[in-house]
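As written, the chains take the letters A, B, C and D, and residue 1 is the first residue of each chain.
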Amino acid sequence: MSEYTPTEMMTVSAARALRNDDVCFVGIGAPSAACNLARLTHAPDITLIYESGTIGTRPNVLPLSIGDGELAMTALTTVSVPEMFRYWLQGGRISVGFLGAAQLDRFANINTTVIGDYHHPKVRLPGAGGAPEIATSCGRIFVTMQHTIRGLVEKVDFVTSLGFGPTGRERTELGVATAGPTLVITDLCVLEPEATTSELVVTSLHAGTTPAAIIDATGWPVRFSADLTYTEPPSEAELQVLRELHRRTEEAHRAAV
Amino acid sequence: MSEYTPTEMMTVSAARALRNDDVCFVGIGAPSAACNLARLTHAPDITLIYESGTIGTRPNVLPLSIGDGELAMTALTTVSVPEMFRYWLQGGRISVGFLGAAQLDRFANINTTVIGDYHHPKVRLPGAGGAPEIATSCGRIFVTMQHTIRGLVEKVDFVTSLGFGPTGRERTELGVATAGPTLVITDLCVLEPEATTSELVVTSLHAGTTPAAIIDATGWPVRFSADLTYTEPPSEAELQVLRELHRRTEEAHRAAV
Amino acid sequence: MAVFVSLRDAVAATVRDGDAVALEGFTHLIPFAVGQEIIRQGRRDLTLIRMTPDLIFDQMIGMGCAARLVFSWGGNPGVGSLHRMRDAVLNGWPRPLELIEHSHAAIANAYAAGAAGLPFAVFRGYIGTDLPRVNASIRQVECPYTGERLATVPSLRPDVGVIHAQRADRAGNVLIEGIVGCQKEVVLASTRSLVTVEEVVDELAPPSMNSVVLPGWTIDAISVVPRGAWPSYVHGYYQRDNAFYLEWDEISRDRDQFQNWMSQHLGTSK
Amino acid sequence: MAVFVSLRDAVAATVRDGDAVALEGFTHLIPFAVGQEIIRQGRRDLTLIRMTPDLIFDQMIGMGCAARLVFSWGGNPGVGSLHRMRDAVLNGWPRPLELIEHSHAAIANAYAAGAAGLPFAVFRGYIGTDLPRVNASIRQVECPYTGERLATVPSLRPDVGVIHAQRADRAGNVLIEGIVGCQKEVVLASTRSLVTVEEVVDELAPPSMNSVVLPGWTIDAISVVPRGAWPSYVHGYYQRDNAFYLEWDEISRDRDQFQNWMSQHLGTSK
C-alpha cells in the first residue's frame, strides 16, 4: 500500500460515494477531483455538470476554473448559465451536488460569505456562488472540507446555504423536499446526519486518525456513531488514477499560455 | 400601368408603410408578402422575425406555414419559441407587428377566436396564436384584412387582442405604452385611429373604390378623414417584384415533396 | 436513461388512458407517427397539449382519443380550418371536447416554467383580452418592486412529452436542429418522455458546442421512425408535404371520409 | 444598429460616471480590454455588475471606479481571494464599496428577466439562507395556484452591458461559441451595449442554425480588440493565462505594487 495524504483520502472517499447513474453538479477543487476519479474508476457513465453550463463533460485534466475550455470541449453540450440554473438545477435533474465550506455547523449549515459580522467582517469570503440553490435543489449534498476547529463550528457566522437549519428542524419546516447534506467528508473522517436529530455524527474514521484528534478539531462536542467504522484506505488503483489525473492537470496548466 | 387586384393593392400599401430599419413580427399570408415585398424593394435591410424563432430571415419564396424550413435556412439565427416570446417579443425589440382579423371593430379590437358565444359558437375560429402579446408588445401594429361587413363590425364577439379597447380609452387606461394599431389596410382603403378618440377613420381610398362602397362594407357608421387621400396605385416595379415572388412561391410549393 | 424500443412498445409503455400528453414540434418535427400509434392503441380521455393542434390533433380528436385540448392556435396552417376539431367543439362528435385556450406566449412560458421546476409562469400578456374570462387558469401576480400586475399561467408538466428529432446516438443523446420550437422544454417538463428520431448514429456530431442536445438520461424511450414527422418536415431529411396538408382539408371535411382514410392508412376499425 | 468604433470611442460614447455597468463572461470571454479602458478614462461612481468579479473588477475597484458592486462570487478562480475587492470592503480603500450580494441563480435569472422586459424574476431560491437579511431587494411572491412562496429579485437592466465575443460580420452580427454564460442576456437587458470581438469577418458562418448569435441591431458599439479577453480565454483563439491569475495574487496584495502595475500596464497615473 502506498503512502497517501489526508486530502487524497478525502477525495477517494468522496469518489466512492458516487454511483454510475448519478448526475453531479461539480465544484472546483476537491469535488472536481472526486467526480472525475469516480468517472475514471467505478462510475464511467456518471454525468458531470459544471455551473458554467457544460453538461456531460469528460475533462482529460481538471479545470482550474469552473469555466475552463476543457469542460466545454469535452461536454455533450453547453447551455447558457440562465438555462443551467433554471432547467437543470432548479428543474430537479441533479442527484448529487458538491459544496465546500469555510464554516460548517453541526447541522451542516454552510458559510462561505463572511467571518464575523456581515457589515463589519473580520474576513470577507468569496460569497454564495451557486451554493444557496445547489443546497436545496440537488437530491443529496456532499460536503468536502479540511477538518479544523475554525471550519467545523458550533454556529456559522452567516448561513450562505441551508443544511438542516439552525436547530436541525428548519429544512423540513421550510418544506424543502430534497435530502440535503447526507455526507460530510473531511481529511479526518466522514460525518453523516443522525436520523432523529439531523446532527452530524462521525460515522467513519480515516486510517491514521483517532476520535480524540477529531474531537480536538471540531468546534462542537462531536458525537460518534454507534456503528462507527474505519474508512477503507485508498487502493493502489485509486491512487494511481488520481495521481495521474493530477499529473496531467499540472502539466497542462503549466503548458498553457 | 398594369391591372392589379385589390389584394395586391393591400399588400403593396402595407409594404410601403415599412421602413428600412423596422424589425417586423411577420404573420403568414398578406403580412408575409408585404414584408418580403418591402425587403425586395425599398427596405433591403428590414429585419423579419417569424414567431417560429427565425430572426433576420430572407426567404426566397413565401412560407406556407409559420415554421417553413426556408425561414430557418435563410435566417441569421433561429431561437427557441420560449426565447422568441420572452427575449424578443416581450423584450420590446419589435417595431412593427402584423395581425389579421376575422372581426375588427371601430377601435381596432380584434377577434380571431369565435363568432357568437364563446361556449356555443356559431363559428369556431383558430384562436389567439401570438396575437394577444403581439398586440401590446410591438411598437406599432399593422392590420391587414378583407373589407367586408362581416369583418369590420360594430363590436367584436370576443376580444382576442386589444386594439384601443371597447370605448377606445382602455388601452391607455390599462397602462399599455405601445402605440397599438396605427394602420388598418384593407382591400378597399386605409384606416387610421383618430388622434382624439382612437376611432378608426378612413384616411386613404384605394383606386377604384368609393366612399359609398366603403360605407356599405363597414359594420359601423364609418367616418372619413378631413385629409382623405387616394392611395397611390401599385407601381410597375412593385407589381413585378410581388408577382415574381408569388410565382417563385407557387413553383416551390408545387415542386416540394 | 433512454431505452431504444419499437414505436408500439414505446407508446404502450408511456401513454395511459387519461394522461396529459404534449406532442410538440412548431410546424417542424411534428411527431405524427406517435400520434397515429396512440390512435391505433385506442387511448382514451387524453388531455392533448399542443400550441398548434395541426393535422395530428385533428386526427386524434376525430378518432375520439381526447377529452380535453390545451392549445393556442387551431388551424390547418396555410390552408384553413381543422374540420375534426371544429366538429368536436361545435357538435361533440365523436365526443365532446373541453377547450383550455391560451396564447402562444402563455404556452411557451408554461412549458419553460415546467422545465424549470416552477409551479407557474409570469409574463406580460393577455392585456385587455377576453381570454381570462373563459380560462380561469389565467391569473395575475403583482411585481414586488413596481406594483405592475402581470399575467400568470400554471406551468405545464405533462404526464408524457412527445417530440420528433433528427437523430440520436447509441447512448440516446438526441440532436435537434433548425426550428427547435419548445422541443427541449417539453421533454424536460414532462414526467415521462418519448422521442422519435429519423436515425441512430455512432457519433451525434452536433455542429456547435451550443447545439440543442437532450442528454439520454432526460429521455425515457426512443424509437427510430424514419419519416416519423410526415407530413410535417425534418430539416436535413425531408420537406413539408404541403400537398397533403391541402388534401387533408378534403379528407377531413366529412366524417365517413375521414374514418375511411384513417382505417385505410392506420388500420383502425371503422 | 451596431457601429464599429475604436475601443476608446466606444467606451467614451457608452459609459458615463454613475452608470450601472455589467461586464459579463463566465470565466470565458471576460471583457478585460473594456474594463481597462474604463479605468483609463477615469470613470467614477459606477455600479459594477458581474456574477464573478474576477480580476477585471479587482482592477476597476482598486482604481476607484466603483461605488457599488452587484455580484454572487468574488474570488480569484482556482487561486484565492481578490485582494483589491477585500481592501475596499474591509478598509474602504481607495473608497468604500457597497455590496449588493446575490447567488448565481439570482443574477442569472435577473439578467434573463431584464432581457425579457420583465420587472422581476421568480425562482426557487435563497431558502433558509441569511442573504435576504442583508439584501433587501430579495423578496417573495406567492404562486397563485399552489400557494408556494418563491424568491424574487428585481430584473437587472444595466445602463451599459459589455461582453467580449469571438467574431462579428461587417453588419455587426456577433457570434458567441462555447461557454456562452449570460452574454446574450446582458446585451439584451442593457440600455446600451458594447461588444468587443477578436476579429471581423466577411461571413459570420455560425456552425449551427441555432448558434448563439446577436443581431447587429441589438448592439450599439463594436470594437475589434484582438486578445481583448486576456488573461481570460476565447474559445478557438487563445487559452486562459493561468499563470497571470497566479501572478495577480502577488501583484494585487499590496496597494503600491498594484498601483505600479496598473500605471505600468495601463499608463494610468499613480
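Everything that follows uses one rule, which is that contacts are C-beta pairs under 8 Å (C-beta built on N, C-alpha and C of every residue); 3 or more make two chains touch, one makes a residue touch a chain.
Everything numeric in this text was worked out from a predicted model, so none of it was measured.
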item: Any chain that touches subunit B and subunit A; value: C, D
item: Pair joined by the larger number of C-beta contacts - B-C, B-D; value: B-C
item: Whole-Å gap between the CA centroids of subunit A and subunit D; value: 28
item: Averaged-CA centre spacing for the pair subunit C and subunit A, given as whole angstrom; value: 40
item: Residues of subunit D whose C-beta touches two or more other chains; value: 112, 116-118, 123-124, 148, 178, 180, 184-185, 206, 209-212, 235
item: Shared-contact residues (touching 2 or more other chains) in subunit B; value: 72-73, 78-79, 86, 90, 137
item: Contact graph of the chains (line, ring, star, complete, other); value: other
item: Chain-to-chain touches, reported pairwise for every pair that qualifies; value: A-C, A-D, B-C, B-D, C-D
item: In the complex, subunit D residues that touch subunit B; value: 1, 112, 115-118, 173, 184-185, 188, 204, 206, 209-213, 215, 217-218
item: Residue ranges of subunit A touching subunit D (in the complex, touch as defined); value: 28-29, 51-54, 63-69, 71-73, 78-82, 84-86, 89-90, 109, 113, 118-119, 121, 124, 126-133, 136-137, 158-162, 165, 170-171, 174-176, 253, 256-257
item: Residues of subunit B defined as touching subunit D within the complex; value: 21, 23, 47, 55-56, 72-73, 75-79, 86-87, 90-93, 137
item: Residues of subunit D defined as touching subunit C within the complex; value: 116-120, 122-124, 137, 139-146, 148, 150, 152, 154, 177-178, 180, 206-212, 235
item: Subunit A contact footprint on subunit D (complex, rising order); value: 26-28, 51-52, 71-75, 77-78, 81, 85-86, 89-90, 101-105, 108-109, 111-112, 123-131, 133-134, 148, 178-182, 184-185, 212, 233, 235, 239-245
